[in-house]
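The two complexes that follow have subunit A in common; it is paired with subunit B in the first and with subunit C in the second.
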Partner chain A sequence: MPTVIVDGKDIEIGAHERLNCIEVARRAGVEIPHYCWHPGLSVVASCRMCLIETGTRDAATGKITMMPKLVPGCQTPAKDGTVIVTDTALVKDSRARVEESLLIDHPIDCSICDKAGECLLQDYHFEHGQAERRTDLNPFHSRRRDVGPTVTLFVDRCIMCTRCVRFTREVSGTSELMVINRGSKEEIAVFPGFPLDNKLSGNVVDLCPVGALGDKDFLYQQRVWFLKRESNVCGGCSAGCSIVTEHNQDTVYRLKPRENPHVNKWWMCDDGRYGWHHLHDPARLLSAGRLVSTNDDRETVEWSDVTTRLRQDLSGAGRLAVAVSPMLTLEEAWMLCAVARSIDQQAALFVGHVPVSGSDESFPGGFTIRAEKCPNRIGVEAVVALFEPEIRGWNDLVRAVGAGEYDAAWITAGYPHAWIDDTTAAPFGRLRSLVVQDLFESPLTKLATWRLPAAGFAERAGTWVNVAHRAQTFAAAVRAPAGVWPEGRLYWNMLGRRGLYDPAAVRRQIAESSAALAALGGDLPAVGVDLRVDQLASS
Partner chain B sequence: MTTFQPVLLEAVGVAGSHTLASYRSRGGYAPLERMLKEKQPVDVIELVKSSGLRGRGGAGFPTGLKWTFLPKDHPGPIYLCINADESEPGTFNNRILMEDDPHQVIEGIILSAYATRATTAYLYLRYEYPQCWDRLQGAIDEAYAAGLLGKNIQGSGFSLDLYLHRGAAAYICGEETGLIESLEGKRAWPRIKPPFPAIEGLFRKPTVVNNIETMACVAQIARRGVEWFRSIGVPSDPNNPRDPGSYGPKLYCLSGHVERPGCYEAPLGITARQLIDGQGGGVWKGRKAKAVIPGGISMGLMTEAELDTPLDFAGPGKVGCLGLGTAAVVVIDETVSIVDFLHNSCRFFAHESCGQCTPCREGTAWSLRMLERIRAGKGRLKDLDLLAEIGNTMGMMPGSTICGLADGAAWPIKNAIKKFRGEFEDYIKRTNPSGWMVTDPVPALPIVGAH
Partner chain C sequence: MKPTDPAITWLEEKPLGLTERLYLPLFLQGLSTTARHMVSRKVTVNYPEVRPTVGNPLIYRGVHRLNRDDAGRVKCVACFLCATACPAHCIDIVATESPWPDREKYPESFSIDELRCIFCGMCEEACPVDAIELTSLLDLTGKSREEMIFDKEKLLSVYDMTKDAEPMKSKTLAAGGMATFGPAPGLAAGAGGHH
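Right, the complex of A and B next:
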């Protein structure tokens, strides 16, 4: 195995791994500070924060020969015998000087800067900078430049790492951002009439190591140190990007991509990133309502009563059809099927409506936004397949209801956008009993005998399986609004199970009952598991 | 020394010297035609290698050796880029060669392309040289018409296209990878190395970048031979096996406070004093020199006492200068304030820094800001240590930057503070009698103007 020596410690790396010094040092638990380097972008080695001392150790004699000058860790490959030294006076001095230099043209307006608290310039200055100020500072400036619909630029906070510029050239392929002027007068800008306007634009804000690029959606909404972070999965499309939901007191403030080499690398799209506002929409359904008379009056039913009264109503209604929404988690879907079958042993289980919009959109950096705007069709299909000999979908259900094949239906939805029109909904009005579980009023909820609120994506817990058959588990990031029981909780209680809804227990049960889903048995890693690969391995 | 017969500049003053006919009448292109017939590319590389020719663009890298770094048996294309961005302050030797004897340069280019198996060459010309553009374009047209450029040159089977490309007036475009980026139509941000251009250069193909004067030397080596070339200049130091010596004639650009400024050809190794007093007719107005720039402002400063330093590739380094650079010797007489000199130098580099590397971008701007403040009578003694620190830590030498511009910015600062510290201290104490000793942070006030 090739061995790299990091601050005196031997670190073995894979025989074919191509790592730079920053990456190898990280494995040794040593952080080499850096601004311009990002694993998802080309190497420019220009910020010079990652300067280190390097050398080579002779394999035969063990003798170490050091290079006379500093080198950038990002640009220097770590090979067998590479010696990396990060803690010498020379290295420390050089970091302090880079910090000092970067502050010359920086407004130091941390008190009004969104990035404060998660700013590399702050963090590195604290760790590697020097207390004494020696520079001739610029007078305070905080010029703001609009660069596009989603992002605003605080020109003077920029440290010219050019990550954002490289992102638009290499990943989004849209090249809107550029550097204008020269030397210390350089600025990031867009060409007049060509704003930063692409579906991946929000990523440049994540990439910005300082507070130069601000997310208009998040600007001045919350101090970052008040935010709590929960690992989540985006429900916007079937790509299922790994994300972090950042929230405070059950209010979501922003979503950020979470690194996952198998899914989204470091990125997420703007549709997903800004697609959480419906969670706090005042128009959401916030209570369980049951129709009491034909003239549209509904009584609000306490949740503790819903479990029994719903079962009662459906038990007496006749032949039951259920739409299992691809917005549900695997666990919720499975429990829903179980509940339905416990009410009517013949209950017909359909995969719910699968929203599709346009076609898949791919970007040069290897990122794809899926046309299928739901996170768990594959997972829900796998669950339904455990109960039904063949998979039937939403259109089948609509047709069957129209043909009068069923007396009652339980439609789970949970879609953030309008998804059904009056014509499609009409036949459902003839059913003896109609349960609709959704986020918002729709032509269907108007016809419902039972109108139940659904949970939003960050309020659910469980597992989603994305378009590439990768299963990712997550906990709820925020509590559902008062008056809403997430589906998981309702089904758990309807199944008569004790205590709080425990998705892990349900998942174990699913894994035991199905070879195809056996990989879900244990604790899933943060990056999830590929259901197909693990299946092959275990067979 | 003064009896040295110019070779590279032999055409200067000859009527119509820029024409093909004139060049031919001086024996031009005959060596090329002979080489194309009789020699293989490797022979030409060997010829240049054995001549000891070192690049005239500033770094003094052995030319033949650079050519051997190209990958063997590469399917091509291989590119040859001729660096005529000539923006180093004080430098104008390339200009004279291009204006007065463009065919000498073109012959060198064709020979070098043949040696390196390049079939396309780009000549990157400084924006401010319209006369060069006209002369070069005229000469290229003549060469194409005479079958010296284009397909199957002189029936040799070797083909070469030579394109003129005009820069947009930025110093950084002279840095070889900045030049390559600029040629590719991008912002001239020097690339990180490795890979070096010989492996991955223009359009990601193997590329050689050479200076105009280097090309002229190649033409003369082909015409007059290795023996002739090696008979001129300073042989390598027998005590230093890594010294490749300083062979051949060199164009010295003498300017500043001398009686007869101009571009003079002399054997490498002439001392600064010989050049100034001989060709230059001495410091002007009977004054004394205070300092002399040995080879473009990037190389730093020599004091009057250091003027006997030989201006070969090794000489200026021995007195703390960066090197021979472009051999542009600028004389600064005793009436000039060294504070003003350094301010001017800092202003140039702050303006020309491409802005990629933090230490260069901010260091050049910071040093300029400090010099502005010092000149405005708000200097502190402490500033001198800070300036020296910036000088010592910015550049490729300490490893803190991507290209050599930062070293070039650092050297005048380092040299000026080290060699003329007394003058700086006097200036600061005199102009800031109440504040020169203060060490508190400088208040962040609107910066005083540069003028």
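Right, the complex of A and C next:
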């Protein structure tokens, strides 16, 4: 095994791993500060922050020969016998000088800068900079320049790491951003008439190590130290990007991608990034309503009564059909199927409406936005397959209801956008009992006997299986608004289970009952598990 | 700290001496304290008929105010540092882009729950632009809880009301002048050196 020596400590790396000094040092628990280097982008070694001392150890004699000058850690490959030293006076002095040079022109407006609190310039200056400032505080404010519909640039805050420029060239492949002028006058800019408006543009804000690029959606909304962070999964499409939901007092303020080499690497698309606003839409359904007369007159039913009265209504209605929404988590879907079968042993289970918009959109950096705008079709199909001999979809259900095959239906939806028109909804009006669980009013909720509110993606807890059969578990980031029971809680109570809804307990139960989903048994890693790989291994 | 902690020194109560046991000398001693207070200068006043005088308004911590800049605009830049420093979580700010070219950010709304506030002065300490200050207004009353949540307009009106009697503390300190405020000469040098 190749061995790299980091600050006197031997670190073994894989025989075929191609790592630079920053990555190897990280394994030794040594953080080499860096601005311009990012694992997802090409190496330019321009910021000079990661300068370190390197050398080689002769394998035969063990004699160490050091290089006379400092080298950038990001550009120096670590191989067998590489010696990395990060804590000498030379290295420390170099870092302090880089910090000082960056701060000559950096405005001291941390107090109104949105990046303050998560700014690398702040952090590194605190750790590696010097306490004394030898230049004037100038300028105090940053010039602002619009670069696109979602991103704004604070010109003077930029430290010219060019991460954003490389991102638009290498990952989104759109090349909107560029560097203008030279030397100390360098600035990031766009060509007139070619704004930064690609579907991955929000990532440049995450990449920016300082507060130069700001997200207009988040600008001035919160100081970052007020935000609480919950690992989550994006529900925008079937790619199932790993994200972090940042929230405060049950209000979501922004979503950020979470590194997951199997799914989204370091990125997420703007559709997903800004796709949380529906959670706080005042038009959301916020109470359980039951129809008392035919002209859409509804009584609000307490949730404690919903569990019993809903069961009564449906037991007396006749043949039951259930649409299991691909917005539900695996656990919720399984409990819904169990609830339906406990009401009517012959209940027909269908996979709910799968919204599709356009076609898959791929980017040169390997990122794909899926056309299927729901996070869990594969998971819901796997659950329905446990109960039904064959998978039937939403169109089959609409056809069967139109043909009068069922007397009652329970439609789960929870889609953030309008999804059904009057014509499709019309046949459901003839049912004796119709339960609709959705985020917003729709032609279907108007016909419903029971109109139940659904939970949004950040309010759910459970597991979603993405298009590549990768199952990822997550906890609820925020509480559902007052008056809303998330689906999991309702089904948990309708099954007569005690205590709070516990997705892990349901997941264990699913894993025990199914070989296809056996991988869900234990605690899932943060990057999720591939259900197919596990099946191959167990067969 | 546990009772067995070595840092604790345990003392025994001394047995009563002759004077203690005679009772009368101690009785007279106590009575003389009472008599002394009856004739000494009073430190209390008949509030509200008589208003107490505030010794040094620069360090007094009364009702908050939001200062205005030279153009009459709110000085606050909505950096949330006061809200961050506040131990009582009584400051609520909604920030937005400022309508002025020379400023990036300003508070769309700024409210302080005066009932929740503990008047510690941390907000004043944290403010990087000397926008929030505690005045020497000490009688703070209201008829409802809602009334005691001071919004931006009210806090600015406190400034308008008090600016003549109490100029902005930063300006007073910059001028090195505690002269207008009488005592506490040591403070001017100490606080002035900070700037």
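We adopt the following convention: the second predicted complex is superposed on the first by the 536 of 539 C-alpha atoms of A that agree within 3 Å, B and C clash if a C-alpha of one lies under 4 Å from a C-alpha of the other, contacts with A are read in each partner's own complex, and residues count from 1 in each chain.
Here is the rule we use: contacts are C-beta pairs under 8 Å (C-beta built on N, C-alpha and C of every residue); 3 or more make two chains touch, one makes a residue touch a chain.
Quick caveat: nothing in here was measured; it's all calculated off a predicted structure.
Of the two partner chains placed around the shared chain by superposition, neither subunit B nor subunit C is touched by A:Ala189. In the overlay built on the shared chain, the residue A:Ala504 is in contact with neither subunit B nor subunit C.
Of the two partner chains placed by superposition, A:Val527 touches none, neither subunit B nor subunit C. Contacts of A:Asp109 after superposition: subunit C is touched, whereas subunit B is not reached. Legend: residue contacts after superposition of the two complexes on their common chain; A:Arg144 is shown touching subunit C, with no touch to subunit B.
Counting the residues of subunit A that each partner touches, subunit B and subunit C differ, and the larger count belongs to B. Subunit B meets subunit A in the complex at residues 170, 187, 192, 350-359, 361-366, 369-370, 373, 386, 393, 396-402, 441-442, 444-447.
The residues of subunit C lying in touch with subunit A in their complex are 77-81, 84, 95-97, 102, 104-105, 128-129.
The touching residues of subunit A, when paired with subunit C in their complex, are 109, 111-112, 141-142, 144, 219-221, 223, 225-226.
Within the complex, the subunit A residues that touch subunit B are 43-49, 51, 69-72, 75, 93-94, 97-98, 101-102, 104-105, 132-140, 159-160, 179, 181-186.
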